[in-house]
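What follows is subunit A paired twice: with subunit B in the first complex and subunit C in the second.
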Partner chain A sequence: MIDAYLRSFEAFSRNGGAAAPEWARALRLSAITRFETLGFPTTRNEDWHFTSVAPIADAALTPLTSPSGRVEAAQLAPFLFSDDWHQLVFVNGRFDAALSRTDALPDGVRVLPLAQAYDELPILVEQHLGRIASFDAHSFTALNTAFLHDGAVIHVTADVEVAKPIHLVFVSDAAAVNGAMHPRNLIVLDRFAKATVLETYCTTARGAGAYLTNAVTEASIGDGATLTHLKLQRESAQAYHVGTFDARQGRDSHLVSFSFATGAALSRTNIYTELRGEGCGATLNGLYLGDAEQTIDHQTRIEHVEPNCYSRELYKGILDGASHGVFNGKVYVHPEAQKTDGKQTNNTLLLSEKAQIDTKPQLEIFADDVKCTHGATVGRLDETSLFYMKSRGIDARTARELLTYAFAADVLETIELAEVRDGLEAATLRRYAGRA
Partner chain B sequence: MSSSIESLVNREYQYGFVTDVDTDTIPPGLNEDVIRLISSKKDEPQWLLDWRLKGYRRWLTMKEPHWPNVSYTPIDYQAQSYYSAPKSVTPLQSLDEVDPELLRTYEKLGIPLNEQKFLSGVAVDAIFDSVSVGTTMKAELMEHGIIFCSLGEAVKEHPELVQKYLGSVVPHSDNFFAALNAAAFSDGSFVYIPKGVRCPMELSTYFRINAEGTGQFERTLIIADEGSYVSYLEGCTAPKRSTSQLHAAVVELVALKDATIKYSTVQNWYAGDKEGKGGIYNFVTKRGKCAGANSKISWTQVETGSAITWKYPSVILQGDNSTGEFYSVAVVNNRQQADTGTKMIHIGRNTRSNIVSKGISAGGGQNSYRGLVKVMPKAEGARNYTQCDSMLVGNECGAHTFPYIEVGNNSAQVEHEASTSKIGEDQIFYLKQRGLSAEQAVSMIVSGFCKEVFKELPMEFALEAQQLLGITLEGSVG
Partner chain C sequence: MLEIKDLRATVADKEILKGITLTVNAGEVHAVMGPNGSGKSTLAQILAGHPAYEVTGGSVTYQGENLLEMDAEVRAQRGVFLAFQYPIEIPGVSNAYFLRAAYNEIRKARGEEEVDPMSFADLMDEKMKLVEMDGAMLTRSVNMGFSGGEKKRNEILQMAVLEPKLAILDETDSGLDIDALRIVAGGVNALKRPDSATIVVTHYQRLLNYIVPDFVHVLVNGRIVRSGDKELALELEARGYDWLLDEAVA
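Entry: the complex of A and B
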């Protein structure tokens, strides 16, 4: 199967990929060489111990390098939270100017597709792209880098605050079936800049067939800057999704990340951040909702490199049917990172007998003056809470629904962006309580 | 670091002496002939030799595992001797006939084997390099039908029990070190508690490595028949040497219906010097099987020694309503590395497990907790609670936590909690202003930190463990 990818790469380098600058072509070449060596990860690889990517490796998926498909604005509406946010839309992995909206951007803020950024922000892109998300040990990042072609570039200059959120929408339609998309995004926040970025992965063709989204987003968060990043994975039920978000944080910067994962037959979300300056903060929250035969895998890594930083992590999951959840969270504290304050929690609710969870919260601590905790729980709804509610005259079914919803709402309410919070809360309530 | 504390930290390893006895040591190296030789020296039946060879052939096909979070210079398995015994030991001798030099050694270690002096209420099996020197209290135990002897003796006297249970919990093919042990195992202890008997005293084995250039590969087998109870303790020490020695033991516990086994370890192998030279590589496979309903296996370990510790005392919870427990204190100082934890495999219904792990890292020590809680789909109503806390003393050490939680049944309730923090300055300050010295304060905080584990140890050993901990650690803070 690897050979097929090598052949696709050859074809891509001659055609669609030829327009990229010299350094980008060199980067792609080293990435495909690395991918050739790494191959697809197996469950013998500790990072993929609980999730087999054999379905992806065995599927014959062609990289979608030319524009394809057709999506109407109305089809996109259910996935948008507001109609006046800045917005870039990618259909089957390629930029769609007609659906995008970037006219109201304040001064000092650029939001543009990669091809355009090569021309207009050449130095910025060359300085950051491929420098944060390492593909040395990550097959999928190597594959993404090899087929690096399209995606969004966001640059916020110093001291600028982008009031309205920037929404990146990656939508696929029936033309994406048996194809692979490798969107690549870059977010650069200069000193004291502030922005909220959403990434939505969705489809207008539910049930049409399998496709792969293999996205990578790199974020450079400057000194004192704040990035709020929300990733909403709502792919079709047959899809495969691998999404990596990798951030580097400067001094006194903040990252607030939320990952919402509910779609795809097999999905893996990697959220990584490196706290490279003093006084940083990172908050990584997430919610995964599984059903049927879905596999939903999350891996997070918070690297405390410098002293006096804090990190907070809360991931919750609700698994129904025969779904399989995986959570693998690592907090790594370097020897210099004294006074680190880290807290990590993973709670999973198993609604059915066949649902299954593998959770592995990890602490690796090389400094002595730190305070780090982690906790994980797995179970079904608490019998005493159910009993209490029944004793107050609430019927068993309603009590179950309320408790399930409350379990999810607990983490959803940490989302500061009201439209997204309310939207996801309503969707969760509909899903588990059958009413809005 | 204050000077009194420094002196405490630098205190010598007091068990580091060497006993000068004539030994019968076979040349270094391992091959089928060596295994046949070991087997013939121990006068073993054919089935056991066959089992050893099966283990050896399997071992040849296996690779040394490198996933633990430890690093060490590669072990040359052909450079060490696999059998060493004091010449003066003859099989099945009574304690009166034991070489006085060996008796003095055990006395020096605080384990008197003389019938007049032994600790009241404790029976001891003393293992010196590859053989058992003697077992105390055998006659008293026999009155209750309890068999407590060396494994070598059990093979001769009770072959049916050994053959039935040997390798039933840790098969010869289990892992690299277990296969090596199956091939080359020397002596170990054997315990059988008959139906309905509550063992009237603590059973204990004291392991001593003495000879140079050898490894110790003991194998312990404990069987608690229906409705019985036994509490067992092992202790271990080794001389100070600048070369590392391998200790690859296997412990198998079998608890039948309604039986309880309580297994406690105070591990104090030589840890190497301050630069990490020498010391024991402690690569041990310990596993218990709660085979019957309502059975219980409880592991308590205090790990203070060894250059490298790699061990995961585990419980297979097969019987319905069975219980597994794991209480651990692991201390690393200087260049010590420990990768330890437990595995709880829930198979039966309403099985429960409880894990309390306390790690203390000082100096340049690296301490990892690695644990697995696995709930199989049929394990209705399984319940686990895990707590692992780490304390950091000094700024070159590390503490790591790698818990694996795999739940395949939604009626299971699994909780895991872990914390890592520095020893509290404010706590030390508080105790100092109450008139305690810095070292007393640290000692008090550490023993408070470990209390939950120490209270699981048999009385006599809780005290010893606490003192050991003090020696390994107290001085690391100032």
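Entry: the complex of A and C
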């Protein structure tokens, strides 16, 4: 099946793919070579032990390198939280200017599609793109890099705080079926800059058929800067989704990440960050909601490179049907990273007999003066709590719904952006408690 | 109102209640006393419908119907209320939401309209005064981070909102200082009506100075070994339970 990708790459690099700077073409070439060597990961690969990507490897999916499909603004509305945020929209992997809105950006902030960024921010793009998300050991990142051609570039210059969120929307329609998209985004926050970036992966064609989204976002968070990043994976039920977010953090910077994953037949979200300056830290939270035969896999990796940094992780999941969840939380504390303060928690609620979770905390600590804890729980609804509610007159079904929603509510409450918090709470309440 | 006849029950295959007979009429206050482990909470939980206990014999009739056949929520909707010895913490569900959900379920069961959050807030203002509770406790998750005393007061607050016909208080007094005890007892007394009844389960006579019982029953090793009036409680306070333990074995 790799052969098909290699042939697609040949065609891609002859056609539209040629319209890229020399360095980018060289990068793609080394990426496809690496992919050829790596192939798709198997479950013998430690990082993919619990999730087989055979369905992706075996599907004949063609890269969507030219524009396709058509999405109306009204179809996007359910996935937007506001109609006045800055927004770039990509339809079937390609930038759609008509659906995008960047007219109200403050001075010192650029939000633009990759092709335009090659022309207007050539140095910035060359300095960062492909330098953060390594494809050496990551097949999907290699594949994404090989087909690098579209995505969003965000640059916030020093001391600028972007008040309104920047929403990157990756929407697919029926024309994406049997296709593969490899969006590539770059976020650069200079010193003391501050921004909130959302990535939404969604579809207007539920039930139309399989497609692959294989997205990579690289983020450079400068000294004293704060990036809030929310990833919302709401793909169609037949979709495959692999999404990698990879950040490098400077001194005293903060990353606040939230991953909400509810779509796709098979999804894998990687949230990685390297704490490369003293006093910086990351908060990585997430919520996964699975049902039917879904596989929802998260891998987080926090590299504590410098001393006095913190990391906080809270991932929660609710799994119903025969769904399968995976949480693998890696924390590496390098020998120099004294006074590291790390905490990781993963709690999963299983609503059915067939649902299952593989949870694997993975702490590797090479410094001696650190505080690192982790904890994982897997459970069902608490019978005592159910009885307590029933003893107050609340019927069994309502009690179950309320407790299920409550399980998710505490991690959703960590989302500071009110529109997203309220929107996801309402969606979760509708899903589990059948009311708005 | 409540007629318990020769009630026997086991938990985890161990017999805990070995034939309890007790009649409670409207307007009455019954105290159930006894040493630790004698089965007081088991009796209370069975009346509330806890599924972990297996009734192996006897009957319980409530307002002329077989109580044991009703689901826990139906019992509550018909007016049975248990103040738990160890109230349960429910992270993520606010006290206000919980109380309103319960209140509305019970109103629905009585054929009354549900109330909106605004009118419920007014009702809460009034009920909170009764147990001298701070409004901030309404926005917190049910019993999360509450002190022992706050949890007990929260149970009485729920009772005040739900206005039960048969209230069962399981050691609501244990762990309370004298001020909190007065507040809790005051709340219970204020909620008493001629058509309601109260069963007060307690280990100590102290609470009965504030909630005066019409009858006192002593439960030892799964049996009621003695019944009397409030003087019996004073006698237990003076003599302890040991002299009754001997009788229970005999």
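Quick notes
Here is the rule we go by: the second predicted complex is superposed on the first by the 436 of 436 C-alpha atoms of A that agree within 3 Å, B and C clash if a C-alpha of one lies under 4 Å from a C-alpha of the other, contacts with A are read in each partner's own complex, and residues count from 1 in each chain.
Operating definition for what follows: contacts are C-beta pairs under 8 Å (C-beta built on N, C-alpha and C of every residue); 3 or more make two chains touch, one makes a residue touch a chain.
Note that the structure is predicted; figures quoted are calculated from it, not measured.
Look at subunit A after the overlay: subunit B and subunit C fit there side by side. Panel annotation: after superposition on the shared chain A, the angle at the CA centre of subunit A between subunit B and subunit C (CA centres) reads 70 degrees, nearest 10. Annotation for subunit A, partner touching more residues between subunit B and subunit C: B.
Touch criterion met: A:Leu350 reaches subunit B, while subunit C stays clear of it. Shared-chain residue A:Arg7: touches no atom of subunit B or subunit C. Legend: residue contacts after superposition of the two complexes on their common chain; A:Leu402 is shown touching subunit C, with no touch to subunit B.
Of the two partner chains placed around the shared chain by superposition, neither subunit B nor subunit C is touched by A:Arg70. By the touch criterion defined above, A:Arg380 lies against subunit B but remains apart from subunit C after alignment on the C-alpha atoms of chain A.
Residue contacts after overlaying the shared chain place A:Asp369 against subunit B, while subunit C stays out of touching range. In this overlay, which is a superposition and not a single complex, subunit B and subunit C have their closest Cα atoms 13 Å apart. Note for the complex: subunit B touches subunit A at residues 67, 361, 377, 390, 392-422.
By the touch rule above, subunit C contacts subunit A in their complex via residues 48-51, 71-73, 75-77, 81-82, 84, 87-88, 90-93, 97-98, 101-102, 105-106, 109, 141, 158, 162.
Within the complex, the subunit A residues that touch subunit C are 383-385, 387-396, 398-399, 402-403, 405-410. Across the complex, subunit B is touched by residues 46, 50, 335, 338, 348, 350-380 of subunit A.
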